[in-house]
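Take a look at the structures below.
The same chain A turns up in both complexes below, where it pairs with chain B and then with chain C.
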Partner chain A sequence: MLKISDLHTYYGVIHALKGIDMEVGKGEIVSLIGSNGAGKTTLLNSVMGVCKSSNGKISFKDKDITNISTYKLSKLGIGISPEGREVFPELSVEENLRLGAYTVSSKNDISTGYERVYKLFPRLKERYKQSAGTLSGGEQQMLAVGRALMSAPELLLLDEPSLGLAPNFVMMIFDMIKEINKQGVTILLIEQNANMALSISDKAYVLENGTVSLSGNAKDIAKDDRIRKAYLGIA
Partner chain B sequence: MIVQQIFNGLALGMGYALIAVGYSLIFGILRLVNFSHGAIYAFGAEMAMIFIGMRFGITAGIVTAMILTGVLGICIDKLALEPLRKKKSKPIASLITTIGISNIITNLLIVFLGSEKRNFNNIFGDGSIKFGNTVLTHTQIMMCLVSLALMLILMFIVYKTKIGLAMRATQQNSKAAAMMGINVDFVIAFTFFLAGVCATIAGALVGGYYQIVYPNMGFMAGLKAFAAAVLGGIGSLPGALLGGLIVGVSESMAATFLGSTYRDAIAFIILIIVLIVKPNGLFGREGIKKV
Partner chain C sequence: MNKDAKEGNLMYKFQKITYTYRIYLLLITLILFVILPFVFSNQYFLTIIIKIGVYVCLAMGLNILTGYTGLVSLGHAGFVAIGAYASSILVVRHGFNFFAASLVGMIVAGVIGMILGLPSLRVSGTYLSIITLGFGEIIKMTAMNFTALTNGTLGIKNIPKPGIFGFTLNVTNYGLYYMMLITVILISLFCYLLVKSKTGRALQAIKTDELAATMMGININYYKIIAFVVSAMICAFGGSLYSVLIGYIDPNTFNFDVSTLILSIVILGGMGTLRGMFVGAIILIAFPEVSRFLMEYRFVLYGIILVLMMRFRPQGILGYKSVLPYALSKSVKERVDKLEGNVL
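After this line comes the complex of A and B, so read on.
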């Protein structure tokens, strides 16, 4: 569904991505793990067109989306829950969700979207009038994921959904990711919490210094000695 | 006497308020004080005069001027400001650019239309209504009504429509807005258009009030409206309205009681006092919330 081939991206003079090859198949959960500065967020930003790539190709459903304008992704069927959540703090929960469905024109589809999100995250329904800035970190993360689902995307990009959350919220967010995947949404998950990410993923890519150092079945990667040492803290 | 001056000031203040919303709208979205807005206002007033003079009829003339001025606003953004944003240049570069644009517009108006003050026919006729000692001209009443109606339309657009929601989202986080599928460049262009439309109506009303139009009219009016916008809390629409009315009323009071020498100074004296007491303005938010 999403295919990245030989992608190179520069941050100024820094060669941040040095030829990335990656593929996310329909219906899969694919996780992208790696330490700070490995290039995870740069890769996501390149997919979103925020960082311009100098070389290589990104395609979504066989359509070339290399260096696309960010705002066109939603219409193509890609939903994004960005790092740091980035909810609209002074707008209400409901308005935030409405913005998620900005590219949806049918009223029916929008109300279906609300129903779906409120069913996944009942907490958001309780607080629909509250402004997003007053929500807790975990609730804001639910809102960011819910907002991305409002456009009924086929592919969901989740950047660090567990960052800075209490352990019970982390568990809950990962359960939700599995649930969303069961509803037929393909998921690309970028995570520092490699342990959790690998436990729910089908496939995984390990990023190191701007290149893919290891890729394959998530279960195999979780068993790999190097990964266990470097990311899982298990000697 | 005082009542009369309050009414005179309110009518004038409505004009300032309409210019002030232009500053507020653009500041809200770009965090940029658009110093070319005074010149846009003068451009709008000149265009309104030209098109009304062409026997278009008053409404058609003003609508044509509104569209032209709105398009001027879009051109300023596309030609001068958007390239700076794309290069991620420092905010001060955009600010100085707007000052330059202001000079370009004013001087082009002088080149093509001449620098002299021209008579602008009173759009609403010379009639007036008397309440005891207080005389309200039709022009003053219409200024208040038209401005108020425009303010309500503007609030409706910003708070009740889809494009308004996109504007508010872009104000708070333009990166996330793009991820939602909002074309941020379009939203910014639309905001410049709205600001230009409001400035034209203000130009036609104030020009009609003083029955005079000239290329430099935007300089002082622009500064006072900027003071009004900051006074009310820049970025806030009700703030711009209140700020405009305060500046208008205090100006007409100052002209009567302190002599007309002080009329231009009073807006800035009030601005300085308010900023000392309440740095974010009357309706201002406490800086920008970070989550």
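After this line comes the complex of A and C, so read on.
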């Protein structure tokens, strides 16, 4: 569904991505793990067209989306929950979700979107009138994911959904990711919490200094000695 | 109940009442304004009221850009000047009808607004304000030195009052007053519909968070340009209106003070609200007139008002956020409400 081949991205003279090859198949959960500064967010930004890549190709459903204007992604069927959540703090939960459906014109589809999000996250339904800035971190994360779902995407890009959350919320968010995936949404998950990410993923890519150092079945990667040492903290 | 909650509750009640009876309130205000010239037919008084109306229009224009999209412009006097000059030159030298001439002025300002909007895609915040500041000065300098077109510092004199079907609209026969009233109503209505529309939602999303807005599928560059163009056009029409009210324009009519005055109205009234523009314009335009007895000290008082406002009410006098729930469209609301039983 999403295919990245030989992608190079520079920040000025810094070579941040040095030839990334990656493939996300339909219906999969693929996680991208790596330490700080490995290039995870740069890769996501390159896919979204926020960072312009100088070389390589990104395609979504066989359509070239290299260096696309970011706003076009929503219409193509790619939903994004950005790092740091980026909800609209002054708007209520309901308004935030309504904005998520900005590119959706059919009222029926908007209602379906609300139904889906409120079923997944009953907590949001409870707080639909509250302004998003007053929600807790975990609730804001639910909102960011829910908002991305409002446009009924086929591919969901999640950047660090567990960042700064209490452990029980982390569990909850990962359960939700599995649930969303069961509904037929392909997921590309970017995580520092490698343990959790690998436990729910089908496939995983390990990023190191701008290159893919390891890739394959998530279960195999979780068993790999180097990974256990470097990311999982198990000797 | 703590103090904040109490205030919130009061605010809710106030908004609920004003919202429920909004049609009556609007009608009463409208009737008052329609009969106003028959009650106070003093020319000086009416001129000030018309001037307030003109500034309401200008503030509405800037509010689209600054209040709703979050792009602070310090050079809107430039657009006012473009509108005023374009329409008066066409009326005085080429015998255009006022309305046709101001339409041309609006189009010219719209095109220039688009050109000015282009750099705004690359810079933001303070840097954008500096660019617009420069723009305002460029327009003023052009008006001063392009003598062949603008008559330089001498300005354009004897701008005739507008006429409609052979009937001249001036202050004495209340024609100008009603023209102002209709213009203010139309512009307010336009802004209201714009803000409620999909475009308006996009502008507000851009103001809050550009990155998140793009991810929702909003083309930021396109909507920023739209905001610039609409804002420039409204201000240009305000400028044409101003030129026929005063009957004389020169480059110094549109100096930096005008830009800051418009911005002050927007900020004092409450950025990102329509109601605030009326209150802001009434206070800031009427104040120098009613306080004439204070001589030059009135500007000290004027400054104090602005400083006090910044300290105690930074969101503007009427800059409160609506606490009433956001209205989803009916069919959506019905289905979402039904959901409640299953979920909770």
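Convention: the second predicted complex is superposed on the first by the 235 of 235 C-alpha atoms of A that agree within 3 Å, B and C clash if a C-alpha of one lies under 4 Å from a C-alpha of the other, contacts with A are read in each partner's own complex, and residues count from 1 in each chain.
By our rule, a contact is a pair of C-beta atoms (placed from the backbone, for glycine too) under 8 Å apart; a residue touches a chain by one contact, two chains touch by 3 or more.
Keep in mind that what you see is a predicted model, and the values were worked out from it rather than measured.
Asker: Would chain B and chain C fit next to each other on chain A once aligned, or clash?
Answerer: Aligned on chain A, chain B and chain C clash with each other.
Asker: Looking at the overlay, does A:126 come into contact with chain B only (first), chain C only (second), both, or neither?
Answerer: In the superposed model, A:126 contacts chain C only, not chain B.
Asker: For A:140 in the superposed arrangement: first (chain B), second (chain C), both or neither?
Answerer: Touch partner of A:140: chain B, not chain C.
Asker: Between chain B and chain C, whom does A:92 touch in the aligned arrangement: first, second, both, or neither?
Answerer: A:92 sits against chain C, while chain B stays out of touch.
Asker: Just to be sure I read the superposition right, which of the two partners does A:71 touch: chain B = first, chain C = second, or both, or neither?
Answerer: In the superposition, A:71 contacts both chain B and chain C.
Asker: Looking at the overlay, does A:103 come into contact with chain B only (first), chain C only (second), both, or neither?
Answerer: In the superposition, A:103 touches chain B and chain C alike.
Asker: If you count the residues of chain A that each partner touches, which comes out higher, chain B or chain C?
Answerer: So, of the two partners, C touches more residues of chain A.
Asker: With the two structures laid over each other on chain A, which partner does A:161 touch: chain B (first), chain C (second), both, or neither?
Answerer: Neither: A:161 stays clear of chain B and chain C.
Asker: Figure out whether A:39 sits in contact with chain B (first) or chain C (second), or with both, or with neither.
Answerer: neither
Asker: Let me test your reading of the model: by the given contact rule, A:82 touches which partner, first (chain B), second (chain C), both or neither?
Answerer: Both: A:82 reaches chain B and chain C.
Asker: Which parts of chain A are in contact with chain B and also with chain C?
Answerer: 48, 50, 69-75, 80, 82, 86-91, 95, 98-100, 102-103, 147-148, 151
Asker: For chain A, which residues are in contact with chain B within the complex?
Answerer: Per the stated touch rule, the residues are 48, 50, 69-75, 80, 82, 85-91, 95, 98-100, 102-103, 132-133, 140, 147-148, 151.
Asker: For a test of understanding, state which residues of chain C touch chain A in their complex under the given definition.
Answerer: 198, 201-202, 205, 208-209, 211-212, 214-220, 321, 325-326, 328-329, 331-332, 335-336, 339-340, 342-344
Asker: Considering only the defined contacts, which chain A positions touch chain C in the complex?
Answerer: Per the touch definition, chain A meets chain C at residues 48, 50, 69-75, 80, 82, 86-92, 94-95, 98-100, 102-103, 107-108, 110-111, 114-115, 118-119, 122, 125-126, 129, 147-148, 151.
Asker: What part of chain B is in contact with chain A in the complex they form?
Answerer: Interface residues on the chain B side: 162, 165-166, 168-169, 172-173, 175-184, 289, 291.
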